[in-house]
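Going in written order, the chains are labelled A, B, C and D, and every chain counts its residues from 1.
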Amino acid sequence: MTELLVKNACVIDPLRGINAETMDIAIRDGKIVEEVSDAAEVIDARGMLTLPGGVDSHTHICGTKVNFGRYMSPEDMRAGRTPRRGPLHSTSGYSVPTTYGNSYRYSVMGYTTLLEGAMAPLEARHTHEEFIYTPLQDTMANTLFDGNWGIMEAIRDGDTKRVAAIIAWTLRAVKGFGVKLTNPGGTEAWQWGKNVSCIRDPVPYFEVTPAEIIRSIVEANELLGLPHSVHLHCNNLGTPGNYTCTLGSLGLIPDLNKKRQTLYATHVQFHAYGGSGWKDFCSKSEPIARFVDMRPQIVMDMGQVMFGRTTTMTADGPMEFNLYRLHHEKWSNHDVELETGSGIIPVIYRRKNLVNSIMWAIGLELALLTKSPWQCLLTTDNPNGAPFVKYPEIIALLMSKKYRDAEFATIHPDTAARVPLPAIERELDWYEIAVMTRAGQAKALGIQDLGKGHLGPGADADVAIYPLRIDEVDPATDYQKVIDAFSRTEYTIKRGRVVARRGECLIDGSNATFWVRPKVSENYDMGKDPDFIEKFDRYYTVRMRNYPVQEEYLNRNRCIETEARI
Amino acid sequence: MKVTLAMKPAAKSFIPIEAESIVPKNFLAGTDLSVWRGNRELRLDEVFSVSVEGDAGRAEDVEVVLSGETFRLKRVGEYMDGGTITILGDIGMHCGNFMSGGTIEIHGNADGWLGREMAGGAIVCRGDAADYCASGYRGGRKGMIGGTVEVFGRAGDFLAESIAGGTVTVHGDAGDMAGAEMHGGTLVVHGDCRRPGANMKGGSCYVYGTAQGMLPTFRKIGTVQHEGHTLIRFTGDIANRGKGNLFVKDYEYLD
Amino acid sequence: MIVKDAVCPFCGCLCDDIEVEVEDDRVVAVTNACELGTTKFMGEKRLKGPILRDGDEWKDITCDEAIRYAADMLLSAERPLLYGWSGTHGEAQCVGVHMAELVRGVIDNTSSVCHGPSILAIQEVGHPGCTLGVVKNRADLVIYWGSNPIDAHPRHLSRYTRYAEGFFLENAFRDRKVIVVDVRKTETANIADEFVRIKPGGDYAVLSALRAIVQGKTETIPRTVAGVTREQLIRVANLCKSAKFGAVYFGLGLTMTRGKYKNIRNAIELVSELSRHTKFTISAMRGHYNVYGSNEVNTWMTGYPFGIDFSRGIAFYNPGETTAVDVLARKECDAALIVGSDPAAHFPRRCLEHLADIPVVQLDPYPNATTAFCNVQIPVAVTGIDAEGTAYRMDGVPIRTRKVLSTDYLSDREVLSRMYALMQEAQER
Amino acid sequence: MTFLMITGRTVNQGVTVEDKTSAAYATETSTCFMHEFDMLELGLADHDTVRVTGACGEVVMRASASVEVEMGTVFVPYGPYANHIVAAGTHSTGMPDFKSHEVEIEPTDEEPKRVHELMEDLGGLAYDR
């Protein structure tokens, strides 16, 4: 038995409605408990800001596409190199660091749970292998269903239960957590070098529209009782005027779940663009935020862009090709048979560039204009908008109008005419930041009942203590202190152990992987469905028996069983 | 100030020694520097007989002279921004990486990646320079961006790869793929070379000898007079964007 | 007993539909595999136990002694080389990276002498590719460039291209065109619809010419380019542009000739250019079994796919300097650990002369050419036969290999983990 | 006569590659595939032995007529024989010129060495238990 007592912590724990109360946190064997014995090790938090461990509900850190980003970018690896020290391994990389680099840097910022945003089922084993080498965070993977042949055929046949059955079989086989749709239908069209223009444009051959795919999979998701909602990367990412497509997509979504949203729309900054082309490109954050305010069934994340060098990577192959044609930088694409695809190019977001400046503003506007912080979570779609190490700066920007104005003065001068940002006075408070970086994320992922995102008894003892007293720091003016504090915790505690202290990781931990196994009736077990088996054998290049990811690939296996209504 | 570093004979003579600490400005604070032989850190005086004459207040007034079996010394003059390094014999890889000022003179031959990603200053190599002289780094878009490199002997393959600025002159022949991916700056080869300017999209490449294996995607425009040579002028590689200029005295296709 | 859906441990195709019949812990029959895979499954000439070279004699030693020898050798070296890795599973490769990091050595895999140049090219211009099934189901044009699958990847043609059925092709054999580009008229060239024979060393020029022609800049192209007529080049460019889905598979004919990675870069740039007209992909015909896995593992753990030098603690990458052939030929290492490859058969002689001068430990199931240069060899289980683990197919699809029989041999991972544990202990002391 | 030597995989090389001490592996990897006119010129019949000399050494192989190679080039399967004469220079890319090596070929009365002998010539010790 190991016990730890964190004393005098200034706790903000939104899922329990706790806002800046000074209290003690008792930990036994990796869990939060009511109290511990006198023998417990004691950490004195001295009134420092103490939050549940950070949760990133949309990041790209592990798997085929991420690793290809590393593979093709030796120039990125020239930054962030550290040697092996004690139990810690060497790291390399800035925008696409090595697995250890990701894990250690997230840990230093107080993050303890990460959701990999896009896992191609056929290559899932790779994602899980990398999870093993991401030791200081618990992990889970959104699984891609945007171009799944079996699902598109079932949708064409109007058989939503079969859609659910295929999702159930696949999630179980690949040890996936949630359902991800990236440019639904577009990734299949891209395997012919084409795309879909918006949600009413049919997918070649399959003759289903993105709207049908979205609606049908949202229903299937709820039939399966999955902890997380459908996680949607809308069609038309990155194109001027795409906000209408985004609103159209969000408008498809009914309110089907009492506990959480019915749709998680990701990196909405990239989908909130007005204008008919690059010349009149402008922000449409306001209509999007107003729309989301009226729809409790929708949660989004920012996908904030920050200036500097990064690597874009997404399952949205056609979008990456368009970026390549724009930048003429190096371009990788990887289509995955019967399922999905991905693309990668490096980019530099520049302050002097008008489009980039507008993008930067839009992300912040979404967070500031959306009334409830539970509905707009903080991300950069790491590393697409910026590497996650920029989160502290984003927090500071959201908390300080003064900082925003100072930054605004350095960007392209025409930005002011294209975006509402300069007129927005709102400054988020500590509680709202806690919602947007852990509580809201845990709730949106549906993992608060699994002990994530809060510090109530029974929760996993994942705690971040930041070297800052909120009664002493005014974030509106002392924004540098906010950045410094969120950049390195005083203590990061993971599963009851101190894993990082003042910017240094201390131990080489071992992650847990969350995955979902929906229990379906015999009739809907695709493993026994003759048509499913026959098509699998004919058109995949991997045998069906060799497709599932074995449990050997899960370090600490956290299987979530759900009762499906099929 | 003159710092003389004479290499001591060593048992493990072939394990490379990385000596990025050998930069003129570092000697302003003394000679308490270290170098690495493989994974072992060694004091400068374990590897060299060190002697210092005079003193200096700024890097520009420091001259470092290297002698002995210096061919396994890597990264000498890396990030150098002023002063002088003179190498009496041969020098190992990556001499003058990222250099932005000062002068390096090599009396013998230089191994690969001489003046990689150089930004300024001057390198003179009296002997031959091996592959990737004045080039970029793996995966990078830009090689040399400024300064001058002059090689009196021959140069190896991938000379001035991805050069974006500055001037590279080779008095002898150069190897295969000279000036590949060139997008700025000037490359002059007095002798022959193979497949110059492959995929170039900017800058100027001059070959006073014969371009062997001349690529089929350069369009001939005419002849020009240049420094007393009559040269045939081509546009840059049309497989790419056809920008930039390639001038050769003579050429042979692989037809 | 018949093991179904076993994974072939020979080449980068990782065919996973093999049936292996096992009797009394011996493989007695193999179905579905090509000749290469069948022979590997049936091979029985294993080294019995660890051996140590003692002067001009070989002595049997215990596994513990052998592991201790290797750990001591690596710990005392100033610049050890840890080379090979393509013949083993990912889990062992991970331990290898940790070891290299700990002893501050150079770790390289066999891609430096197969598709290392392809990686260098990808690092300059990226890689538009896809999994093999995308080609199988869609491609109406396949180009084999400097690769000869009939000899090197015998089932590539039947599983994915020439003889494979495809979802979007009514009659795949008829509707799918195959072009072969090579300096030799190989067996594969004989089954092609169009054979483009080029002069040795002419790949780059031909690729440049095709890029120009695809862009419509035909007039500058000379009458022949490296032995290929302009007419044929134009015909090939038109075939490419009119295809609905084109796939290029290139081999060592591009990576091993003059210009090396620049050839691949040019091929990728051709494919990127064609992508503006139609759908086109390009992929390397990765040769040895799990060589792609060694790239993947090295990349997520160190940031680089091969040729990584930890001498200074941080990872440094510079193929041509930190790759095995260069390190050995320049005598820049003072010990070598070889795992899952046979450099003595595949490296130029000068490299072997240095191997003869330094201590060498090898993990390999078989006595091979490198055995002659070993101080110690430790026989291990064959991944995919008597050990299981993860391997990455040539297109990046990870597959768990099956164990088809049981032997007393330890797996690479077990041996390396024990070595690593000793090294960690020594370091803590 | 001067030739361009290309090395590469063959099925037989692949089949024997895990049994490097076998005669079959030695036979396959010491075969020098040549155009029949080149063989005529050198006065060679199929399976005659030839001395192949490269930049850094020489090795004895057996000539074999092949319709696959052009005149002036020869093809040798990957293995210790070809590598006995391939230079180790990589043009600083990590990759030797395995597929573009200039060699001299002449008839000889010598027999190809065994793989073990080649290894011992370079300082190795054969293991043949």
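FYI, a residue touches a chain if its C-beta (ideal position, glycine included) is under 8 Å from a C-beta of that chain, and two chains touch if they have at least 3 such contacts.
None of these values were measured; they are calculated from a predicted model.
The central chain here, found by comparing per-chain C-alpha centres with the mean of all protein C-alpha atoms, is C.
Just to note, of A-C and B-C, the chains joined by more C-beta pairs in contact are A-C. Subunit A and subunit D have CA centres that are 56 Å apart. One inter-chain figure worth recording: subunit A and subunit C are separated by 34 Å, centre to centre, where each centre is the mean of the chain's CA atoms. For the pair subunit B and subunit C, the distance between mean C-alpha positions equals 33 Å. Subunit A and subunit B have CA centres that are 45 Å apart.
The residues of subunit A that reach two or more other chains are 72-74, listed in rising order. Residue positions 91-92 of subunit D are each in touch with at least two other chains. For subunit C, residues that reach two or more other chains under the stated contact definition are 120, 123-124, 201, 258, 310, 312, 317, 319-321. In summary, the structure contains touching chain pairs A-B, A-C, B-C, B-D, C-D.
Listing the residues of subunit A that touch subunit C in their complex gives 62, 64, 67-68, 70-74, 76-77, 81-84, 89-90, 92-93, 97-101, 122-123, 125-126, 129-130, 133, 191-193, 205, 321, 324-325, 330-338, 341, 344-345, 538-543, 545-546, 550, 552. Contact residues of subunit A toward subunit B in the complex are 72-75, 78, 329.
The touching residues of subunit C, when paired with subunit B in their complex, are 77-79, 103-105, 120, 123-124, 199, 201-202, 204-205, 207-209, 211-212, 215, 217, 220-227, 258-259, 262, 265-266, 269, 310-312, 317-321, 330-334. Against subunit C, in their complex, subunit D makes its touches with residues 4, 6, 8-11, 14-22, 29, 56-57, 67-70, 73, 75, 78-80, 83-100, 115-116, 119-120, 122-129. Against subunit D, in their complex, subunit C makes its touches with residues 10-11, 35-36, 39-40, 43, 45, 51, 53, 56, 58, 112-113, 116-117, 120, 148, 150-152, 154, 183-187, 197, 200-201, 252-253, 255-258, 260-261, 287, 306-307, 319-321, 323-326, 328-329, 342, 344-353, 355-357, 366-369, 371-373, 377.
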